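In this document, chain identifiers A, B and C correspond to the written order of the chains, with residue numbering beginning at 1 in each.
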Amino acid sequence: MIERLKLYARIYAIQLKNNWVRETVYRANFVTAVGVDIVWILVEVSLFAVIYSNVPSIAGWTKYQVYFFLGIFFTSDALFTVFFQRNFFNFSDLVNKGELDILLTKPVHPLFLALSRWINLTAIFTISMGLMIAVHYAPQAGFAGGMRWALVLFWMFIGVISAILLRFAFAVWIFWTDRNWALVRLYYQFFAFASKPDAIYPKVIRYLILTFIPFAFIGSVPARALLHGLELWEYLALVLVLLGFFILNTILWRRGLRRYQSASS
Amino acid sequence: MNWRLAALKNGFKDYTAYRVEFLMEILGNAIVPAAIQWVLWYAIFKTDGATELAGMTYVQMLHYTLVSVLFNQVRGGDQDFELAEMIRTGQLSNYLIRPVGLIQFIYIRGVASKLLISALSLAIGIVLSVSVLSSEASPLRMIGAMLLALLGNVIHFQIGAVLSAMAFRWEDAYGLLMVKNMAVSILSGELLPLNLFPESMSWIWKSTPFYLYVFGPAQYALGEWTHLEFVRQLGVAFLWIFVLWVLIRFTWGLGIKKYVSLGG
Amino acid sequence: MQLLFKPEIQTHFALKDVSFNVEPGSFVGLIGANGAGKTTLLKILSGLIPPTEGSTRVLGYNPFERPLDFRRKIALVMGQKAQLWWDLPANDAFDLLHAIYDIPDKLYRERVQILSELLDVKQHLQTQIRRLSLGERMKMELIGAILHWPSVIFLDEPTIGLDVMAAAKLREFLKVFNQREKSTIILTSHNMDDIERLCSRVLILRAGELIYDGKPAGLLREGERRLKVRFSLVPDLEELSRITRLPLNQISVAMSERAEDPDLAPETGGVYFTLKQDQIVPVLQILMQHGTIIDMGIEEQSLESVIQRVFEGGIKP
């Protein structure tokens, strides 16, 4: 077991190195990517700045609490971007163009190879932007700080895991359809809901994004947990939903793979 | 057949070929921004108990949301990305020898779907204007508003064409176009009515033409603008179109000169 | 909803009653026209797809269970699918395989050294793969695929699209590797040269059935050539047979050889004549009097004609 983990760690280290080699070749993209990310952050922040110039709070959330939430959300999203976004983006090619064949003959899990290939090192800059925003507004948002920053790490982890499980649940249908960009689009449309604190949503939507389409776990639940703590049922929902998605994804992957293998002759 | 007509027909065909995706795209594009706006207003008015926001009531906010979604559908497409990509990959060479204006061709082919959508949106808008919306709204205002939104669509593409000319000098203009689209998302009024901007900041949206895409048409359609103001804003739109037309000629003229001198 | 889903794949038998054993260390060629089931067979053997009936054992394993030890011992190279990362120099791309197969460092360095020398690409190890020629790229792919010294190597059309020199180099290398390392190699090819020069045993598939299993010698007829002629007008084969006084079975419509079309569309105006060396000139003279020739060439015997002859019972293993 430990031997296997070491092997996977070594493979990941090589993927990191190779991505570094690749990115140093295409350095011009760096400026563009960082610039685009900064503007995106500015737009999201200024949307709330405009609203808060008219009202003191939205659903009980002050301006600074929302900024703190945005900081956490940007960080969680950027972490996903660094390690997974492009891998999921290329997932459909893997299946459609039969590139999965080669991965299946390798003595490591094919999904591991598929999801570790592209690492977007420039988005690390966005992680630091997000963290800076969170740290900057933490005192005014009422975040106690100190040792609690360790909890931020934990909740970031939860945020990224949620994003992976959700994204996978949308990507895996490529085994059954030729073009799944409509589904991918749907993912990003739902994702827009994740970029607002879940407290502002009417009850029905709130339950939905905490259960069947759990986009709230990507950013707003972590931010809320850090600021106010969660209700007991929400912790329970978190565990059950993530577990449920993991099981669902495992089943879909196995079935999909079987379909892929019977269809490719 | 006139080549412009041919380009338009070609564009229609592309879209009707993928009907399911086309419908899903429209639905997604309409429902998501509307839902997010509604959710925000719901939280402010219903949960927090506010009675007005920048002079607008909850019902007025919802009317704005409803109407803005219609105009948002007509807002500029991705044809400018197509232009930039052509320059970057060198595909442009294939078109330089053809006698039709490439920029016009790309625009017309891409705008076909938007025309379909705008007709649909207009029909819905007219129904809304005689039913749900307040008494100031009228079918005539809706038609005028859609006209302004279509001019906005032209302006959006023109700005994109000027920016994509940067691709002649710089490896990818992609980033610039992305940044422009993100600025549009907040300054066009598709996410919130622009009168929510504090007075001291309103110069920001007033100095770009982006408000002509969604906020302007919505104002006229909802009866917030007088007919005189509408005519004045039409003038502003045409002025932008003229200025941008000059800018396109200038930037593309320079760009193509450089492109040709490098051997295409 | 129907638009969103693929139509169900029609079931048909890609392979029927194919049964054979391979001695360790041998070099086996698998030939057949497109769609004959070669790639399906390779995929079954390498564990990518299950046989609907019957059983397969490779190295004592059931391939479709894909046990770890089995995957460590095999290699699959597909001429049309690259596994190395195009944005990287080959050396960096190999590093990943080094890690995946957990090859000891010293051994890994030696192998890269030996293989790149044998294949004559040592000077390109630091070049981005996208900047290499097709032949060099294929050589790198091959090195990458066998860095873990597999006991069984499956090669699907390794020489496809390569120029004559590169293909020859690749063949020479495969021969040496097979003899030296005693790896079992199973290769599919369109190219009779590949089969003739490498394989000690040939399997011929036709429409999913094994129609020949034996030595490659005797498959080719001595002194026979193929004359390929393209006419400006698509000619009538019977008419051609009459004017050249050749029997009809020596004249056939040429198929386009582009690898990407799966069912080989007829090439417009292209016709093959199977001839003895000394018949070529007289036949050409007759043809030139009867029609406009756009293009012509003399080729080795084609895979198709060999398969056709075997199928008609002309050759017994």
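By our rule, contacts are C-beta pairs under 8 Å (C-beta built on N, C-alpha and C of every residue); 3 or more make two chains touch, one makes a residue touch a chain.
Since the structure is predicted, the reported quantities are computational estimates derived from the model, not experimental observations.
For chain B, the chain with the farthest CA centroid is C. In this view the innermost chain, defined by its CA centroid being closest to the centroid of all protein CA atoms, is A.
With centres defined as mean CA coordinates, chain B is found 30 Å away from chain A. If each chain is reduced to the centroid of its CA atoms, chain B and chain C end up 54 Å from each other. Put simply, the C-alpha centre of chain A and that of chain C have 44 angstrom between them. Looking at chain A, residues 182 sit in touch with two or more other chains. Each of residues 4 in chain C touches at least two other chains.
For chain B, the set of residues that touch two or more other chains comprises 20. Residue ranges of chain B in contact with chain A, taken from their complex: 20-21, 24-25, 28, 31-33, 35-36, 39-40, 42-44, 46-48, 50, 53-54, 171-172, 174-175, 178-179, 182-183, 185-186, 191-192, 196-198, 201. Against chain C, the residues of chain A that register as touching in their complex are 7, 10-11, 13-15, 17-18, 21-22, 25, 97-99, 101-102, 104-108, 113, 117, 176-178, 182, 261-265.
Against chain A, in their complex, chain C makes its touches with residues 4-6, 9, 14, 39-40, 43, 46-50, 66, 68, 71-72, 74-76, 78, 81, 83, 85, 87-89, 92-93, 95-96, 98-102, 128.
Touching chain B in their complex are the following residues of chain A: 28-29, 31-33, 35-36, 39-40, 43, 46-47, 50-51, 53-55, 57-60, 179, 181-182, 185-186, 189, 192-193, 196, 199-202, 205.
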